[in-house]
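Below you'll find the structures, each written out as structure tokens.
Two complexes, one shared chain (chain A), two partners (chain B, chain C).
Up next is the complex of A and B:
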């Protein structure tokens, strides 16, 4: 499994389109257990990323690409998800600086750093019904012999039954059980699109 | 749901531009961003005060800019925390060389974005400190309590302290004193509608209400049958007085944006009666729309136990359009 600059760029453009398609679904989930803006926030951010990627066609390495994406998300998304996704990409950038492609240990190290970055920015951990519940099992499975799509799908199912204890959803306590966390869903969209290009 | 608007994508920038146009002697917009600052910029030698968060809470937060209160306000998208680069511009606009205090409400989005901005400002050599407001007692777990209408008292009191020449540490300390005392709780009869999606924050039938709502259109913690206002006020007062032991208080009855002022005054009548029956002495009453949630119909009650220091700052002059003294 290998991730190249061109592949990550493709995955990000595909994510932008997928977010657009699932924008209402993300927003509706956030109305259920948040404040009804997650789809709107993610759409604003990934349309911003798409616009940047369309004008920047000379990104030399994964570090440059990830930094551009991270800074764009930080500046456009807002909310809780902006700093969290932004931090994830800035962490990719620190691990993958100067690299044109990554695999094995390097690939894992990037995701490990990104997941830790989300957790420390959000002061959160797995089990609190947030995007961390997707990023953490996904990252762990990069070193295991498992099918990544299945890991993501299973993590989504597992997250649904958790009770939220972090972020806006935590205000609703037990009532969050059985409702999908919007940030978990958007993370699954992004990570699945990355998995898609890893196979190439 | 109908809204007076031109285009959902311009909802916030149109609010900000309108506010600045309506108060040309008082406000200025930071070029290209939804950040508002006091006309003329920072005051040299005074601690700068910056607040902000999502929009939709008008007159918060920009309406609290003015001599005696805030120096800048950062206006995010509706109910969405602003981004760190915007907050940084707010900090720069407020920096008069004596440091800047950020008044942040306790939401993970606001806390993270303001934190990142603080780091960026410190890189530029500006001294920045933060207080986090968490006055909403409807959330049981204290760590998760939201910042709501009590934030206005923090703006007022910290603003007056800064205007009187206090240092960053001193302003932070008095802001912290307000935060440790102030408590709020709110209710809604009907939801508000997000400009972009056009959807209500929650569904509620005509004969129901939510107790324990926040200021972002989210549902409350307890869904109940609608009751006469005195009963509703009694429920909120009961919760609040259980947390406020000190009996000399400033009281705010705050409208959520869609409540007629008539209803706020009649609500206040019962709130004051109920408090007095419980032995509270209301030394400063405030009734009006201070921290709203678009067109939500409902109100919140805030209690702030006061001492001479806090009273003096509450009564100090303020030119902010949302809190004239």
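Up next is the complex of A and C:
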């Protein structure tokens, strides 16, 4: 599996469109167990990314692209998702600096760094019904012989049944069981679009 | 005098707190980085960075919940200015009261952070 600059750019543009389509779903979920702005915030952020990518079509490497995306998300998303997604991309940039494509260990190292970045920014860990519950199993499976799409789907199913113990949703306690975490859902959208462009 | 930066989801909450603190310590310099455009609820990095650009001395950040803390920590990592700015994860209202008084007494940033941590972090778990 290999991720190139052009492939990541394609995945990000596809994510922007997918977020737009699922914007209301993301917001409705967040209304149930959060503050009801996740779809709106993610839409604003990824439309911002799309705009940047349309202007800047000569990004030299994965580090440059990831940094641009991270800083754009930090500036435009707001809420908790801005710093969390922004940090993930800034962490990609630190691992993939100067690289035009990554595979194997390097690919894994980027996702590992991003996942650790999300955990440290949110002071969270797996099992708390957050986006970490998607990023962590996804990252682990990059080194295993598994179908990434299936890993993401299974992680979504597992996350839905958890009780939130972190973030705004944690105030809703048991009521969060059986409701999908909006950050987990938006993470699955992004990661699935990245899986789509990983070349064998 | 150490400045205080209040980061809250609500501009009303932060400006109300600023009024309370000014009553206790009239000379205190307080910057509000709270809410979103149009009076909306939320936090964003850019408002915190704007507050950073206006401080007159070293500064202490206090936050309300969740994303306020994340955005404050992120803004701190991006800060390249000349002052020392520190974040202390203590209750916003009580913590800023103590910080304002200590700042008014002329204490420096490290002393204030130590006092706040001793007062609040040894007694309860942080979220």
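Quick note on the criterion: the second predicted complex is superposed on the first by the 198 of 200 C-alpha atoms of A that agree within 3 Å, B and C clash if a C-alpha of one lies under 4 Å from a C-alpha of the other, contacts with A are read in each partner's own complex, and residues count from 1 in each chain.
Rule of thumb we're sticking to: contacts are C-beta pairs under 8 Å (C-beta built on N, C-alpha and C of every residue); 3 or more make two chains touch, one makes a residue touch a chain.
Here the structure is a predicted model, which is why all the values come from computation and not from measurement.
Placing chain B and chain C on a common chain A by superposition gives a clash between them. Shared-chain residue A:167: touches chain B and chain C both. Once the two complexes are laid over each other on the shared chain, residue contacts for A:27 go to chain B alone; chain C is not touched.
In the superposition on chain A, no contact is made by A:110 with either chain B or chain C. Contact with neither chain B nor chain C is seen for A:137 once the two complexes are overlaid on the shared chain. Of the two partner chains, chain B is the only one that A:36 touches; chain C does not reach it.
After overlaying the two complexes on the shared chain, residue contacts for A:80 are found with chain B and with chain C alike.
When the two structures are aligned on the shared chain, A:182 is found in touch with neither chain B nor chain C. Judged by the touch definition given at the top, the superposed model places A:121 against both chain B and chain C. Between chain B and chain C, B touches the greater number of residues of chain A. Steric collision with chain C, judged by C-alpha atoms after aligning on chain A, is confined to one stretch of chain B among 80-88, 224-232, 242-250 or 296-304, namely 80-88. The residues of chain A shared by its contacts with chain B and with chain C are 35, 37, 74-75, 78-80, 82-84, 121-122, 167-168.
Against chain A, the residues of chain C that register as touching in their complex are 36, 41-46, 65-67, 70-71, 73-74. Residues 24, 27-28, 31, 34-37, 39-41, 44, 74-84, 121-122, 166-168, 170-172 of chain A touch chain B in their complex. In the complex of the two chains, the chain A residues touching chain C come out as 35, 37, 74-75, 78-80, 82-84, 86-87, 121-122, 167-168. The residues of chain B lying in touch with chain A in their complex are 54, 76-85, 107-109, 112-113, 115-116, 139, 141, 144, 146, 194, 196-197, 199, 201-202, 214, 216-219, 221.
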